[in-house]
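For reference, the structures are reproduced in the following blocks.
Note that chain A is present in both complexes that follow, paired respectively with chain B and with chain C.
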Partner chain A sequence: MTHSLTLARPLSASTMIAAACLLLVTLACLFGLVWSPFAPDAIDLSQRLSPPTARHWFGTDELGRDLLARIAHGAPLTVAASVATVSACAGLGVFIGGASALAPRWVDASLMRACDIMLSIPALVLAMALAAALGPGLVNALVAVIAARAPAYVRLARNQTLALRREAFVEASVSNGASGLYVLRHHIAPNILPVMLIQAVSDIGGVILATAALGFVGLGAQPPSPEWGALAASGRLFFLDCWWYAVFPGFAVVLTTLGFNLLGDAVRDGLDPRRAARP
Partner chain B sequence: MRERVRAIAGRVAGFLATLIGASLITFAISHLIPNDPARLAAGDGASPEVVAQMRERLGLDQPIWEQYLRYVAGLARGDFGLSIRSGEPVLDELLRAAPATIELALAALILIVAASLTLGAVAAMNHNKPIDHAVRVASALSLSTPTFWSALALIGIFGVALGWAPLGGRLSVDVDAPAAITGLVVVDAALAGRFDIAVDALAHLALPAVTLAIAAWGGAVRLFRAALLDVLQQDFVRRARAAGLSPWRIATRYAAPPALVPYTTAMGLTFADLLGGAVVTEMIFNWPGLGAYTMQAIAGLDFPAIMGFTLLAAVVYASINLLVDVLIGVIDPRTRSQRA
Partner chain C sequence: MTPVLAAQNLCVRYGGVSSAQAHTAVNDVTIAIAPGMAFGLIGESGSGKTSLARTLAGLQAPSAGRILFEGNPLTPDAIRASAFRRSIQFVYQDSASALNPRMANWRCATEPAHLIDGLTGDARRALAETLFRRLRLPTAALDGFPHALSGGQRQRLALARALSTSPRLIILDEPTSALDATIQAAILDELLALNLSGVGLLLISHDVAVVRHLCTDIAVMKDGEIVETGTAEAVLAQPQSVYAQELIAAAMLEG
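Up next, the complex of A and B:
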């Protein structure tokens, strides 16, 4: 009953803002990808470091490449990378966390201890150390971000599974001889999926920020990739004279992250009955 | 009493286990490097003999568990290894850079606490009114802004356009640093009676501290607002309201203390995050702290230095966690009765 009530509620203001942010980014990117006359890597030295004009809306970079086109080509990269990252985290969480809760106690205890330890290093520091060890590059940066963030998902999935394990339908399945993997796949995973989904959607913004930060310090995507953190890092070199070069890629990060963060809040309010019940 | 001692002993044991675990992680990461550490240490273009010598000197020819034991034994003696770039002990270099980061993180923490307590209280007391919505939007923006962007925006506006603040560094070039007492330049200058230097240092501190504060403020204000809202709905607050106490008195005397318990825990971790997460900020503002040191280490593939910083961040994180736990046990009577 409560479910239909929450769905019947009008969209909140923050959901609208989220939609507006994401729509704006999508439109700008569609423009840059589809209608813009400029290719993201088309060098035009006569137009180098041009401020925003009617021709180049966001200005150009040091090689005269159109910034709007570059930012637009960075968007699918950023969104796909962050969605893939949180999906990997959620998948690892369900698999490792669920298995941990169903496994013998000593396995569970040592896995949780390992999670605590990984969580004891600030996530960005751990991601930087890992990315530095793996070598710079977008894929390595994502692996580093996944490794730094997955422990939180593992813990969440494990705690959810522990609560589910005592439910009658799970115990019935186990007493009928179902294997651990079967229980995990057919009983645990579908039931903890909403919670993992909430966690994943709320985390997309954080992942975008972390990936951009790694790109900015030179550990993530490398130039000439139009990844936003890497773009802003190149822009920083010209910042005092050409403000637009670093500002627009950063602004793209802000809008996209804000959109996903507010979307995460909306999903949380919509799916989580405990939160929705609160005033 | 015995319960209390046992609880604290348990916490300390957990703390030590965490440190050992963190050393395992840094050890594993530095052995996962695709590059050969011996070759990195010997430098580019070193002959195979020199690399082999270096491998022997660094103990890289030993079995892996022996290398780890040696690593942990070194750590226990405060030996974090030698920096590849400078050849100096990593711990010395980290400790030399630490005061600048501590000063920056403290300044940011003061800003965060001041802004999140006041605005969080104002928002909770005006629940669902325009000011509450404004605070929520601002906190969402804070959680969505990359540090590098707020840093550049602040430099552009207050440094370049208005010229109110310097663009980077800890002191102006023509100003001599005061004698180090605490290592915090602002405090040292004030202690030495040189308020002109203190003002110069504060001006340099302002933008990086605000940058860090912007990033961490959103989480803090959300947490305090939510905690305060929870408390404001409880019976003892209702009773106080029914007794005719002013909203302000209810908020400060009745509602704030319980709301401050989760807030204190979170702030401890935020401070640890500030120490570690200052990397981008310090790099942009040319702030000579741990973050800038780590950036140089990353650029030079100086793994002993990178891992030293990672380990230090874990130590700080775990220590602050332990400290906050003990502190909460002291200030919150409920945790005492629960444990006994």
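Up next, the complex of A and C:
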């Protein structure tokens, strides 16, 4: 019997909306990747800045490249970069936060004050400053986003570990001779990983937004990369005459962000063992 | 016969560097628990019962006095030795927090046997099945998780865990106070059956009726001290101390 992902209740409205958003983006991207006759970097100057037509559904850019194809090819890049970013944040969080909770008090206090300092600066501002210092580029932008967001994960993992350490089942296990590693693996990790997973899934949307924002201000992925923020940034230059150029990449960001945020809520509901039905 | 566990002039104090700030939870307690005995420790909340029980179980260190395990002083090294861990098991009051919500029931029931005796694989699974049958837990719940069990079943699971190493003595801290009356009676019957099969019990309770049902020997605790001790019949029929008289009279009125 699995307790975690069985459907105890009908899907909630927000789960349906999440599924609809992500499905829509996925379908559009699949179409652009698989069936579209256009390559993302195929220049056709006769079709430059064409509005949406039967031939170019999302219109074209200033070099006549098909926008649907570019957005579709940017999707795996954008989503993979975000998933990698939140995974790195969660990994750092469990490692540093767990160690902090189990370490001597002065180590814990130093790490937590460092987190306080980083959390006191708005994440996007911090990420921009770091990205500007590191230099433009998608990898540098992701490193900056990770550095700006990881403290929240560290704090979460540390607090969860501290609370769990006081539980009677941990004491019972230790009194029966369990090692620190055994406790971490069998008692702490299984109980904090769902929380970290919920945080990570809920954060994917925010990371997509942050990466796109960095791309938009020129600190993230650089043209001709079809990363969504970079696409929207290029489209901004033509916004008054060619609305489609900035709007469709923007839509992709908004729908995907919304979808992942609501998915985070659904994962939280699904993973809470106390909410699952009794057999 | 050498007592399984004995306390000599045991004291437990909490907090405060100066003596004015310190709180004495257990004061100069001397008791001995013979093999197979069902020993009841009664007293009101805050009388130091739980502190005494936890100290006897090696979960916290005494401030003064000593504990003897099978006649030998219980040093920190002796607490960590598998002989002590195997022989003395502890059952918590709140089974919800005593069971890891993300550990499968069968693993939970056999965790001490796994940790102390290195039991793994099929042997561990077989032990879980035996324990489930012995404590009348549905074997369908072997692969389930504690949240899907009822309160009574969870306490049975906690008992199964304590039994997994075939201990000589189980220390139970208010094992039934979180359960309703009929479930409580069923758990007490289970404990009685365990005791008849030779497992020693140290039962901590504020409930005279629970102790009367189960125990052959009783100690009454008040403000950290044992005010009366003896066989259950003697203490319950003719309590000598004023406090024990009040406690038992109050229980009679309720019962």
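We take it that the second predicted complex is superposed on the first by the 243 of 279 C-alpha atoms of A that agree within 3 Å, B and C clash if a C-alpha of one lies under 4 Å from a C-alpha of the other, contacts with A are read in each partner's own complex, and residues count from 1 in each chain.
The rule is short, and it goes like this: a contact is a pair of C-beta atoms (placed from the backbone, for glycine too) under 8 Å apart; a residue touches a chain by one contact, two chains touch by 3 or more.
Bear in mind the structure is a predicted one, so any value in this text is a computation, not a measurement.
Contact with chain B, but none with chain C, is seen for A:R113 once the two complexes are overlaid on the shared chain. Chain A is touched at more residues by one of its partners, and among chain B and chain C that partner is B. Judged by the touch definition given at the top, the superposed model places A:A213 against chain B, while chain C stays out of reach. When both complexes are overlaid on chain A, the residue A:V253 reaches chain B alone and has no touch with chain C. In the superposition on chain A, contact of A:L124 is made with chain B only, not with chain C.
After overlaying the two complexes on the shared chain, residue contacts for A:F239 are found with chain B alone; chain C is out of touch. In the superposition on chain A, A:A132 makes contact with chain B only, not with chain C.
Looking at the shared chain after the overlay, A:N176 reaches chain C, while chain B stays out of its contact range. Residues 279 of chain A lie at the contact with chain B in one complex and at the contact with chain C in the other. Note for the complex: chain A touches chain B at residues 13-14, 17, 113-114, 116-118, 120-122, 124-126, 128-130, 132-135, 205, 209, 212-213, 216-219, 229, 232-233, 236, 239-240, 243, 246-247, 250-251, 253-254, 257-258, 261-262, 265, 279. Every residue of chain A that touches chain C in the complex is listed here, in rising order: 1, 3, 167-169, 171-173, 175-178, 182, 186-187, 190-191, 194, 273-274, 276, 278-279.
Of all residues in chain C, those touching chain A in their complex are 57-59, 80, 82, 85, 90, 92, 94, 97-103, 111-112, 115-116, 140-141, 143-145, 147-148, 161.
Only residues 17-18, 21-22, 24-26, 29-30, 32-35, 127, 133, 136-137, 140-141, 143-149, 152-153, 155-156, 160, 229, 233, 272-273, 276-277, 279-280, 283-284, 294-295, 298-299, 301, 303, 306-307, 309-310, 313-314, 317-318, 321 of chain B touch chain A when the two sit together in their complex.
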